[in-house]
Structures are given as C-alpha cells and as structure tokens.
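When the chains are written out, they are named A, B, C and D in that same order, and each has its own residue count from 1.
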Amino acid sequence: MSTLHMPPAHPFDTSGLLDLGEDDTLHEECGIFGVVGVQDASTFVALGLHALQHRGQEAGGIVAHDPEQGFNNARRFGYVRDNFTSQKIMETLPGPLSIGHVRYSTSGSKGQTAIRDVQPFFGEFSMGGAAIAHNGNITNANTLRRELIERGSIFQSSSDSECIIHLMARSMGRSIPDRMEEALRKVEGAFSVVAMTRTKLIGVRDPLGVRPLVLGKIGDGWALSSETCALDIIGAEFVREIEPGEMVVINTDGVQSHFPFRRQKPRFCIFEHVYFSRPDSILGGRSVYETREAIGRELAKESPVEADLVCPVPDSGTPAAIGFSLESGIPYAMGIIRNQYMGRTFIEPTEQIRNMGVRLKLNVNRALIKGKRVILVDDSVVRGTTSRKIKEMILDAGAKEVHFRIASPPTAWPCFYGVDTPQREKLLAATMSEDEMREHLAVDSLKFISLDGLYRAVGEAQGRNPTCPQYCDACFSGEYPVKPADMVEQGFQMKPAAE
Amino acid sequence: MSTLHMPPAHPFDTSGLLDLGEDDTLHEECGIFGVVGVQDASTFVALGLHALQHRGQEAGGIVAHDPEQGFNNARRFGYVRDNFTSQKIMETLPGPLSIGHVRYSTSGSKGQTAIRDVQPFFGEFSMGGAAIAHNGNITNANTLRRELIERGSIFQSSSDSECIIHLMARSMGRSIPDRMEEALRKVEGAFSVVAMTRTKLIGVRDPLGVRPLVLGKIGDGWALSSETCALDIIGAEFVREIEPGEMVVINTDGVQSHFPFRRQKPRFCIFEHVYFSRPDSILGGRSVYETREAIGRELAKESPVEADLVCPVPDSGTPAAIGFSLESGIPYAMGIIRNQYMGRTFIEPTEQIRNMGVRLKLNVNRALIKGKRVILVDDSVVRGTTSRKIKEMILDAGAKEVHFRIASPPTAWPCFYGVDTPQREKLLAATMSEDEMREHLAVDSLKFISLDGLYRAVGEAQGRNPTCPQYCDACFSGEYPVKPADMVEQGFQMKPAAE
Amino acid sequence: MSTLHMPPAHPFDTSGLLDLGEDDTLHEECGIFGVVGVQDASTFVALGLHALQHRGQEAGGIVAHDPEQGFNNARRFGYVRDNFTSQKIMETLPGPLSIGHVRYSTSGSKGQTAIRDVQPFFGEFSMGGAAIAHNGNITNANTLRRELIERGSIFQSSSDSECIIHLMARSMGRSIPDRMEEALRKVEGAFSVVAMTRTKLIGVRDPLGVRPLVLGKIGDGWALSSETCALDIIGAEFVREIEPGEMVVINTDGVQSHFPFRRQKPRFCIFEHVYFSRPDSILGGRSVYETREAIGRELAKESPVEADLVCPVPDSGTPAAIGFSLESGIPYAMGIIRNQYMGRTFIEPTEQIRNMGVRLKLNVNRALIKGKRVILVDDSVVRGTTSRKIKEMILDAGAKEVHFRIASPPTAWPCFYGVDTPQREKLLAATMSEDEMREHLAVDSLKFISLDGLYRAVGEAQGRNPTCPQYCDACFSGEYPVKPADMVEQGFQMKPAAE
Amino acid sequence: MSTLHMPPAHPFDTSGLLDLGEDDTLHEECGIFGVVGVQDASTFVALGLHALQHRGQEAGGIVAHDPEQGFNNARRFGYVRDNFTSQKIMETLPGPLSIGHVRYSTSGSKGQTAIRDVQPFFGEFSMGGAAIAHNGNITNANTLRRELIERGSIFQSSSDSECIIHLMARSMGRSIPDRMEEALRKVEGAFSVVAMTRTKLIGVRDPLGVRPLVLGKIGDGWALSSETCALDIIGAEFVREIEPGEMVVINTDGVQSHFPFRRQKPRFCIFEHVYFSRPDSILGGRSVYETREAIGRELAKESPVEADLVCPVPDSGTPAAIGFSLESGIPYAMGIIRNQYMGRTFIEPTEQIRNMGVRLKLNVNRALIKGKRVILVDDSVVRGTTSRKIKEMILDAGAKEVHFRIASPPTAWPCFYGVDTPQREKLLAATMSEDEMREHLAVDSLKFISLDGLYRAVGEAQGRNPTCPQYCDACFSGEYPVKPADMVEQGFQMKPAAE
C-alpha cells in the first residue's frame, strides 16, 4: 500500500506529526492481521498489530463485525498500544471476526497522511459490507484510479489500495470473494491482502508472493498475519505460509483455498530477511534471526578485517554483528547504546531538538570505544546520512579505526512494491561506487555483502540464479519483476534490459 | 439533510455526546454558507456559520480552495466558535473561495453521528473537485442510494445528501454545474444547496423553495447564506433571496442565474417564520421578529384572557409574548429566567444531573410570580414534556393561574423536509384534541393560534388558501407538498387525501 | 478574591485562553457554594455553581469529603457544565460534605491565571484538613503575604485568598473554626467565605456584608450559596441571608451562629442589585428583576424622552428597559439580538475574528430599527467602547435618533472589594462629564440614573443617606468603606475626604 | 525522593495510568539535571532528562529562569520526548538557567501520583525564589513533616522532598545556598539535589554519596546530571563526579565547592552498577557496560554450566550475558526478542490485555531455541514472577534445559534510599533459599553472583570489606548505612546487628 504521488486532490485532516529527519532507513509500509472464530476478535487483532508495529508506526485501524451490532471500526494515528488497548475503545469493536492494519508514515515530502488514508477500507455492496487491509503496492493504481473516476467512482483517500474496493463495487460477481478475485486480477504489483465480510475472513497473496502472509490456528478459530511473531503473541499455532497466488476463504467451517491468478515463479522480497521482518519471525522454516546471523558470518568470510571489537548499529545490525563476531572471533560489544524511550517522531519540535538527529536516539559508549579498532555492522546504507553521523560519534569518542560492514548489497534502486524508499538520486549507492562511498563516509574500510553471499545466507547454496532470480532483489539489482507502470509514466528510468 | 433511518451499515466513529433529554423542540437540521471573491474566504464562512449556529449545533465543516494549495477542509463536532476561530485551524483553509455547513445532531434514538456524516461532502471528478453543502431532506434518498450501490458507488456516510455527489459522479455532464443540475433533477424533496468548484460558487433552491437561501454582496465578492443575519455579521449587503427553483453560478465575473427545474408554485416552510429563523433575519421584506410579534398580537385577539403578567418561555417565545402584551395591555415580564451558560448537551452526565432536565436551563422568578395570574407564551408544543415541567415550576412558585398561549397551530405531523421531528405518535397534538391537551398539561387555559391567524400574521391578509396553500404547513395540516417516498415505503401513513 | 498585582513570582501553567477584547463590563469575580448532610454532596455543589456561573466563568473547583476516602478535589478551567457533570469526574468526589467555587478570569493585562489559583484552597493542619472558598477581596493581602513569607510560609498561588489558609496554619487555635476566626480578624476588605472541615460546613460574611451569602435547607441537610437562584436549582428552601459579620458552623446537628467581629454598619454592594446578581435571585425580600424594573421606571421618570421604541442592550439591560417602557408607555422591542452561541473567550483567534468584537455577539434587527427613534437601555457604562459600537450599529441600520439611558450612575471609581474593574483612568466617567460622554458617544441624548434615584429603586424611599450611606457605592461615589491599603501603597489616589 | 506511605491527606488529581502489572524489577525513582550559562537552557535540560528517562518514566518537570520573565515551569505526566520537545512548550521556558526532574511512578498499591507531586518544587522566599529537584529518599520525612505542619507550614504534595523547601523557608539563613545547607543538615537519608535560584545552579550530594551526581562543562556554561550519558547528549564534557557530602554553587563566574556536612565514609549504591545506570554512563572511570560485562565474566567463573547458547533477558541482562559468553566460550544469541514499541503502562486496558503481561513485551525466538540447552542471564530476581514466565516461554518453545544466571546477589531487603522496592515479604529471596528458589522457578539450575564476586567486578580486587563495606549493598546484605527512621516507626524489622 502506498499513497499516490499525485498532487493532493482531496482535502483532508493531517496528523500533525513531523518526522525528526532521521529518514535514513527503508520502511516497510504495512502490517496486516485478521482473526475469525474467537470471542472479542478485535483484541486479538490489536495484539497481533502490536507485534507487527515494526512494519508501520504511523497509524492503525481495526474493523470488527458482530452479528447484532454489524460492522464497527476505529482508526487512529499513533501506536497500537496507545490506541487499541483500553476497555473503552475495544468494547466498541465487538464480535468474532476482525481485521486490522498498521501503516508507515510517508514523510512530509510526499504530502501528509489523513485519517481517511488509514486502512482497513470499507465498502457497502448490494450483498453486504466488506473491509480490506492491504500490504504492498499497486503499480498501476494511477491508471485504475483515473478510469474509475471517469466512470463515476468517488475516492475518499489518496491511497492506491482504495482502487481494490472500487473495483469490487463495480464487479458483477455474486459474492464478495468472487468480486475480490475479479478486482485483484485487474491489479498489478505486490499485494498481500486480509479482508472480511460479515462471516468470512479472506487472505490473498499476489502471484509473485512479494509480501509475506501466514496462516495460524487459535482454538477453534483462525488467524492471518504478515509474520509469525504476531501469531506467537496471541498464542496461535503457526500452520503454514499462504502460497504466492493463493486465496484462502475462512469461516467457522474451515479454510478453503484456491489459486485464481496465472501461476508465476515466486519472487519473495529478500529485504524481508535483511531488515523488515522481526528476528523472531519464521521465514522458510528458519528464524529471521538465524538468517541474519548467517549474513554476518558470510560477511566476515567475504570481508575480514583485524580489529578489537565488533559493534552493531542498534538494533537492526545486532544479529549480523553477532554472526560476524562468531565467525571472526573478534569480541562482540555494545559500542553504541540506544535510548529506549525514543519514538519515531516529535510533534513540532524546536529547531535545536530537530538538529539533534541521531544523537537523540544513539550514544557512543565512550569509555569502551576509546583507543579501539572498531568494526561497525549495519543492515544497510540508504542515504548514508546516519552512517556518517555514527562514524563521527565513534571517532569523536576516540576510536582508533572504524570499519563498516553492511549486511546487504548496495541499495541502488527504489522499491515500488510496498516499501518507502527515497527517490533514486537520493540513494548513496545509486550515485557512488563502493570506493567513493568509503571516501564519502571517511571510514577506514567499507564493505557490503555480495548479492551471491546474501543469497547463500538466506539458504540458496548456489547463490543467485541470474536468469531467474529466486527472490525480488530489485533494490539491489534494478531488475523489477513487475513493471512499475505508474512510475514509468511519471518519468522513472528503468535499468536497460541489456545491462 | 438527514441521516437514513436504516440500520447503520457503515462502521463509524461517533461523537460521544449525549443529549440531556430535553428534546422537546423541533430542530432545523442545517445552515449553509458560502463566499467567493474575498481574501481568507474561510474566515467569512466561519463567521457566517457562527451566525447560523441556531440552525445546527452538533457539528460544522468548512471547505476552502486556494489556487496553489487546492482544496482543504476541516470538520468538527461542536460549536463554530470553538472549532473555527483559531489562527491554527483557519490558516489550513486558505483561498478566496469557501463553503461551510452546520448540522443539528439527530438524537440517540436514530443512531449516532459520525464525523464522516459532517458536510460539506467532497468529490473528485474527471474535470476537478467539487464540494457541496445541503440544507433540506431528500425524500427518495433510500431508493437512490440502493440504485447507486447496485451500480458500484461506495457510500462513505449515512447521509441522504451524499446521493447528490454520487449522482454527479455518474453524470455525463461536461461541467460541474451541468452535473449538479442533472443530479438535482433526480432528487425529490427539499433542498437548498451551496456548492463550490475550484473557481465557482453555486447556489440552488428546490422548485418549491422550502428552505431559505439568500444572496449577499461583500466588496467585490459574493456570499450565499441560509439567512440574512449571517450576511450582517460579515458586513455583506443583502441583495435578494434565491428564487425557488433557481440555480446561481457565481465567479469573479458575477452571478449567472437560470431555472433548471419544472416550475411549481412555491411552498416556503411557514415554521421558519414561527421558530427556525433568527428574529433579526429578514424574510419577505420584514424582520422575523416583527412577524413573531404580529403572531403574538393575533393570538391575543383570537384568545384573550384576564391576567396580571404575560411571560415568555425563553427565548423563543419572547417576541410573541411582547406582541401579546402590546395587544392585550397586560404587562410583559420575565417570569422565567434562562441560564446563559447552558449548552445543549452533556457528556455522560450523572443520573442525578440527567434527571434535572429543564431546571438546568430555566428557573422561575419566584418573588415575581407569587400570587399572580400568568399568561405563558411559547412558540410551539411538540411532545408537551417541557410545557408540563414549566407549568409545574410556575405553580410551585405560587402562581394563582397559568394560561398557555402557543404561537403556532398544533404540531400534529412530522416534517420530512429537513427538520428533526419526533415520530408522529410522540407528537402531543397527533393524539389529543386541544381540550385533552389542556387537561393533560393541567393548566387553566391552553390556546393555539389558528392556521388562518398564522397566515395573516405572516402577511397573507386573506389567510390560508385551502386549495393551494401559500406555504408548506405539513406539520400542522398533514398536507405534504412532496410525497415522502422513503417514509411511505417504511410504513408512514399519510393523511387520506379526502380528509 | 483577586490575584495580587505583583510581578508573577510563582512559575505556573496558564489556561491559554485569550479574551476577545470585549472587556467593557464589570465582572463579579466569584461565586461560592457549599452543602452538608446530603448524599453525593458534590453533585449539588456542581448544580449550585452552574446556577452561579454568571459570577465567574473562567474556572471552577470542588472539594468533597467522604469519611472513608477523605478529601478529594477537582479544579478545571471552563464552565461547570463542561467539567463537573460527567459520571467519571463526579464519582471522584464522594461524600456528604462539599464546597465549590467559580472564578472570573482576570484579563491578560494582570497576568494569566494558573490552575493553582483556582479555589477552593486546601490546607492540612495538625487537627485535620480544611478547604476554603472566598468571594471578595482582601485589601491588605500584600502586607500579609510579605509577613507570612518572612516567617517561612510557602505560597502556592498568586491569590490573595491563600493568605487566609496560611494565617489559619499559624494560628494557635484548637479547632479549625477557631483558627478561621483568628485568621479572618487579621484580614481587611470584603469577604464571604464558605469553608469545610471533615465534618463541618462553615460560612462567614465580613462585618460590612459587602458580598452576599445565603442559607438554605435541603432535606436534612443545609446549603450556603452566594445567591438564592442556586438554592432553587437544587430544590433547597431559602432560609435567610447570613448576616454581615456572622459566622455559621453547620453539621448534622444544625446551625450554630455567632458574631466574631467588631460590629459595624452594613454596606452591601449596591451593584449586586444593578448588575451582578441574577434577576431571579432574591435580595432584601424582592427579586432582583423587580428592582431592576424599578430602576427603569425611576430612570423614565428622571429622564423622559420622546421615541418610537425602547430597546434593551441584551441581556443585562432587559429588566430596566421593560421598566422604562412600562413607565413611559413607549413600546418595548428587541432591537438588538444576541447570539446565543457566543462564549466569553476564543482560543488564539485570527486577527480578523479578534477585530469583530461585539458583532460576534450582537446584531441589530435592521428591518425593525430603520427610521425609528430608539431609546437604548443599558445597565452601566464602563469604558464606553461597547456603547459606542452599539450606537454605530444602530445608526448604520438606519435609526433616526439614538437615546441612551443607563440604569446606574456614572462608574467613576474602581472596586477593590472583589470586582474586576479597569484602572481608574480607563473608566469613561472618571475623565468626562455626562455632556462630554454624550458627545464622545455621539448620541442624541445620554442620561444616567441619579444616585438617589438608584437608592429609591432599591427600596430606600428617602434616597441615599450622605453621612452614612446604606450601601457600598464606592464605584459611583469614590467613598470606600474600607481603605484599600495595598492599592494605596501601590499609588492609588483616593478621593480627598473633603470632597 | 519518594511519596509518604501515609493515608493521602491531600486531595489531588491523579494521572489515570495503570501499570500493567509487570512490576517485577526495581525502579530508580528519579533523574535530575541542571544547566547554567547557555541560551535556551531548558532545551538542554529537556535533552538531558530524555537521556535520563530510564531513571523515571512517569512524569517530568522543568523550571527555567529568565531575567525578564522570571521563573516559569512546566510539569507533565509521560515521557520527556512527548512533553518537552515542542516549540510551543519550550518557548514558555526561556532563560539561561534551568533544572529538571524525571520521576518513576510508584505503583497503584501505594496510592496514585498527582501532578503536584511532580518536581522540581518551587518556593518563594523573602530573598527570592528557588526551585529544587531531588533524587534519593529522606528517611526522617514523616517526622519532619509532622513538626513543620505543627509550626504552620502548608504542604502541597505528598512527597518527602517537599520538606526541604519548607525547612529552607523557615531557615534564618541570609542566602538561598545558606538556607539549603541548613535544611539539608536536618535531613536524613540519601539525596542528590540539583537546585536553582535566579542566578545560581546548586548541586549537593549527601555525605554517603548514595545517589550519583556529576559535573559537566558546556561552552561557557555548566551542567549537573545524575549520569554522564546525559552530558553526552548535549555535547557537554564530563568534568568530574560531585563528591559525597559536597555542595557546589555555580554561576557564570564558575564553580564554588564546599563540604557542609560531617564527613563520613562513602557508600555509593552498588545497584547503580548492576542495573540503574545506563550502560554508556561512566562510574569510577569505567563504563557501566564494562562493569556489567565483568559481572558476567565473574558469574561464568563462579557458576559455569555446559550449554548451547547464552541468552540475555533483554535488555538489562545483555552486557552480563555477553561477558558470560566471552568467559565461557558458549555462543551468545538473542533467544528472547523485545518488542520495541512497548511502553511501560497502558491506560485502562481490557482484562485480556492486562493478563498478557510479559508476552506483550517479550517473545521467544522459537526456531532458534528449540532443542537447545539455554543459559539465561538476568540482572536480578525481585518477586520472581517474570523469571517464571520467561522460563515457561522458553520451555514452551522447546528448549532442552534452562539455566538461570543472575548478575546480582539475592535481593532480600528493601531499599529506603530512593529505589522503589516491594515490601520485604514480596521479595523472593527474603523468604526462600537459593535452592528453594530454583525449585520454585523449576529451572535446571539457578545461580546468583556472590557478594564478593560483585565487589570484584566493580573493581574491588579484595572483594567486600565486611567491617566497613565500600558500597551501600543493603538490598543484598540488610546492612543499612542510615537508619530508616520513618520505616522503623511504621514497623519495619531491621536485621539484628549481631547477624
């Protein structure tokens, strides 16, 4: 799900939150969760969303259905724990069927978010209401939106995801699942969807399976979740991943599965392994933590260096740093301490606080670092601004040498499948070679894991298959498995096929 | 504008306000205001809405358009003065073109209002956006809504007014005014509409002209308002009333007028004279205050009685009480004092406070009333609950006699044209004769003005024309100028034509 | 009660409300209420304060005592109805004994109010806690405060009333009533006090009886109130006024009365009759409304004029206008309409709205006024700014002549006994003769009631006794019954005794 | 600083926050910070308090002084980052001199906190105002409070720290520092104090130096802070620790130091090393992180065990777990993942969410743990409830063996010097032997570091000096360096001296 990069046509209320300018990571834009067949389903959804909060912190929404009270919803800016835990709010969301969504805030440059952009979206059809929550991004949303408006649809948000509900409204399908199938066949891009009618919980993954979606069992009921860590929190058993291209329709009788789309070779997002997913989630039978530790080991093999300490850039670099330490035998240490009470945004901060940037969040363990040769392990380099500030803090504390090791290949291309990335020209790796980056960051050495090394670490012993890659790695390779039609229309230059 | 009386299909956030149970008056449901061709148009709209607050106190909304920043809006529960006066909010509504709406809260029995029911409504069409604000009620809204949903429209509110914007979206018209014409030709009932595009302010009144709408001039710009009192507050000159069936399209070049509907004999709402409009507004060239004073004089002629004091039930009975005193020569006095700090609603009050009812708002001037024969003049009797409590308070204070004089005929029929009335069986006059009401209220005498007397007071020297009444007086006569189709479908029994 | 006119020594949070600049009336600064011997006493206090809201609109506070839960309190900015009606807040104030206070906002020029300035004040003494609520003003507060600080008292507010609680803390008295007596004997100025211990409700009036205080009976319990209108709302019976210089100590056994101060000739504030008290309150056996009507009659006798209409400046001029009309035979009419939805303040309004001033509140009934000779009756002229704007609005509407009649003598001196008045030089009557004022306001005539006329209207058939006036009329006469010591110290020039 | 354990004598507003019941750690109750000689001093204080947030999360307050605007303050419930970063609030706190305080919420069982308990406290003395912020606990506060009330002081909070300001008010000292000295000489217990007058920043540490306080230099100005990590965030240079018993008075001319108290052997709190202080702070010339790593090494030496993984209980067990892994050679791994979006409290949560407890915060890395022998390293065992739940989660995930290693000796005695500990009978180690605890927790082994081992790890090569311990270790040993007078009065049984 993403907002349209068009001038804001719709008047809306905004959240009033300003990002602190530390926008130097990639952001998963959404987490989705649904549950059917349990009492107070919305409370389970709230807990699931709390566990998926790392996938989106700006806002969250929950829809629930109760046979007597019908559909109810609540949508709020801010954390799940602040919005969806009180007795007062949860009792407005009764019933045994509920879905929810957390979303990441697109930063100021793209226009502000309104509460009406917060999912799940709801539509009233002649056969009853339905709500949908979408993780991913529709690459032909602009075209669809234009066509729908021409035919008389009225959009209420600036979100690409709203197209789905309008396509459903115009479908001639007799049932809501039929209409959803028809709608999603018109949609291009990446999508994992959790939806609900008055009686059914529905889950769908796009044919490439770019975004994750898993199935869990809880008592007599069922759950759908972006990641397994959210099944753990509600005590649900992890059953299996929803397959790429699969649609499941779940009610109290059980799970019905079918594959409505043209079958394609799956291309799961490799960055979910590197950064997005939580380390305690399971992907491909192994914990994400172990995969990241393996990335660190691979990195230590590819780019060893003599040093006194291996330190993670907290918290995302931690597992790879541990792996690097285990492989290299260089002691692991917490050279940088993260302030636990740091949130993502400040409301209209003073200039001085705005300028503090990363220092509000991280502090160097000065007494530990002084006089040491330090290996810093980070998950990725996006704009490079944070890496630079951290390097300065480390040197300022008296480190003798600073060596950066990065647990992913250079990020040189934007993602159009549901991740918020800067424009290509803002990506450090899009404009500089590895050497130039090292000079730019002014560190003693800088090494990225190779693309093959990354594939090995995620379990592909032979590395990447260049003719038919096993994952979507467009952010590293520039090879986009689905053409980003809207973006190309807006002038985005794809990598020449011959390259 | 009214909400649909259907089970709430749409999940929504509600305002959390509870009415205090003093629901014993009729409520105008909306006030509308728009302005074009002035700087900071939205501030003028806020002021206009503040002057129209008596037409709707639950919520208000403003849309403004600025050539650079496009459309912006803000919608809030509560008074205009609390929501639309601060620098902070008003600077989010820039531009020379703006419209606004205040709405009355439909009480709990009809389901609660959501912020998404608050107007103006906005739609993005292929030729640009438009916003509309509607005063009145669409009597075939349910049918229209059902048909629109079947064709793929997605409704965002439970408001009848939203039909207009969907009808516009589906119109083949080349311009927004053309589409509005086409949409309004499909709509039945009562409507005064103020709308805006990126460059134009539009005003329309239904062919019967049930609800008011006036045109004003302010500097080089123009204003549209429900009543003239809102022109006064912004210093605009009152130009003329918009005619029944007229559509005006206003931009910086001036006002273009045409009459897109089949011409009919006008039937303006006579209750606007009695109660809804503000006493300082001008209707038909005379101040509403003077009309009400004339009603009081007429009442004194029709139903004289010997007494010591004429007291109004504050504040709506005041002008008629003054008229009654002037005609009868019996001294006018404030026997009942109104608490100025009383609002309409309390948030989750204690049981004890909930039970206080009218005593929170009114107190008898005990020392003045003691031992006196008192004539109480009120504007109308709806359920009769307030009249009864006031009578008790007056007797409890030691009055010798209590005579009620009512400035309108018995209210025996609900309004379906934009006024919130109780169901017919709750109207005291629907189930009792005048004598029975007097007994029920246990007062020494009770007299209503006659329907002819009321027509005379509003300026029809010959009284009511029974074959072709000059006003809509359905609430008194049961003669509905437009068939309330949705209501009849839901089982409402109209008065037999032969009666 | 007033805030000290010293530089704000104490750091505090302020309410953030800005007055709209319509500060052209005198403001009673406080209303007080207490009740003992009833269940949920705090709800009765809330209702009483709601009825006394005209005496102070900025903030309110309630303290209650429950044998099990001890003392609890709540203090809030804003109206009683918004703060003290919800189940949620009222259940935090349990018990059979409670007192409360509403206060008027001193305007920006004097510094802003903090929540810690909101009464009742509370002190913990060695024999238990006590809370007090004060209406009036301590004229030697600065001196007392200075002395108390030197001896080690720590002040928590900038309020003069806090001195009382510190004086009580330092008293050697064995009981709280004893300590209160001792404290109040050190205090100069005007005070009506309602206080409570764990078991007793206490009421005191200063020896001159400047501010009102009345006793009521409710069931087996008792109430103390600034005015009788607040007894009416809770259904209490009005027993009698507390006497000047009297102290009553009330528990479940009954009312004990004594007179701890040196006896003096009473000097009740005559302006309570003219403006402060509610028209339905009873003072001296007659309703305030009747007194004001009598003032209007007296004014018509003293300063008759030929005209077409007598119009009140709403709402405070209404009873006098009715009296003027009854005496003169000139018809009474509502030439100026007040917006019911106008509050006293706006939060950070835009410049444009700030400049609207009185037009936000009042509108002229243009159609009625046009071509007429109009008598406008107002209660008083303070700065004259409002009178001037109203005159302009009336003329702008086409009135032929405008005659002002004022229901009080020229206000030429500030009040130091609990009323918020502008500095002397801001009072129009302090710098201009009646003729100069007429010219300044540019009206056809301007007449004030004479001081003797006012005394006659309040029931002193012989008028004012110049050697020993029956009332405090310092605001008209400059004769202050208690020397305003702090003010004289700060440079206030009293009228020479010889004058 | 702590609240008095007396029935709440003072009526107050409470924060409405409910703890989630995960009260199974010890809580430092306060962090203090002050700065003088820089522009916008309050912004530095806000940043410092943000870095000290781990010492108190319930509420924070800042006082600032500006030569023109005098003293201003702001106090709020919640995190510093939510309250003290906006332009709007910070511009109300101008000036070059400012102090601040963060406090920990004492849990519901002890009564709720009111905003008036939030420091800094302020007092107006005859020579001017002063504000103080206190970290620690006054052990004779009840006695002092009783005596002060008897002499006429009025307390505004239930905090022990307020005694200091009243003692200062009653002092005959000529200057504020003199008065503070005199006041603090009457106070028993532990205190680090940061205070300010109109021109001076003052820092004091009690003679034992139980709580930390450090001095920093920033530009031409100076800072005082509980820990060095807060100097880092504002870019201040760490100068030195304030000595036990030292008082520094700082203005733009520099730092004046003296030692007003009877000299005693220092007894710094050893638990600051184990848990309270941030790992990047420097105590005794070494980073707290390194000390904790050393504790882990010492623990591995004292209590080795064969296993597959060493896992920390996040986040406080992390450095000791790393040390244990380095010493033992058993790989370090993140077997338990902490939810980053977890706050400390929920507002009125549903029953279901309340029951989730630790699962809201922690999740086991199931795929990693399955079939492994796991060493869990935690900082301490308080009630044992969390340890038990974590053990269950680990076993539920399929661990083969679970071995607990605790980085502190058994916590068997409450702290009375500024740390919130449960009553003695709630401490697991107060009622059970180590063996009984192991059985109670049902783990394969459970070992605590020895008291001597802990002393060695903090740098005392010879271990603990039993006749004159180098640290305050009362929570482990029951040997209290200052008699907790109020507690003994309330019935607390001290350990027999002979033991």
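The working rule: contacts are C-beta pairs under 8 Å (C-beta built on N, C-alpha and C of every residue); 3 or more make two chains touch, one makes a residue touch a chain.
Heads up on the chains, UniProt names are A, B, C, D = Amidophosphoribosyltransferase.
None of the values given here were measured: they were computed from a predicted structure.
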Most distant chain from chain B by Cα centroid: D
Between chain D and chain C, distance of the C-alpha-averaged centres to the nearest whole Å: 50
Whole-Å gap between the CA centroids of chain B and chain D: 62
Centre distance in Å when chain B and chain C are each reduced to the mean of their C-alpha atoms: 37
Shared interface positions of chain B, touching two or more other chains: none
All pairs of touching chains, each written as two labels joined by a dash: A-B, A-D, B-C, C-D
Complex contacts: residues of chain A adjacent to chain B: 7-13, 63, 70-75, 122-126, 129, 131, 146, 149-156, 165-166, 169-171
Interface residues, chain C side, partner chain B - complex: 40, 43, 46-47, 50-51, 53-54, 57, 79-82, 85-88, 90-91, 229, 232-233, 278-280, 282, 285-287, 289-290, 293, 315, 318-319, 322, 326, 331-334, 337, 339-343, 346-353, 356, 359-360, 363-368
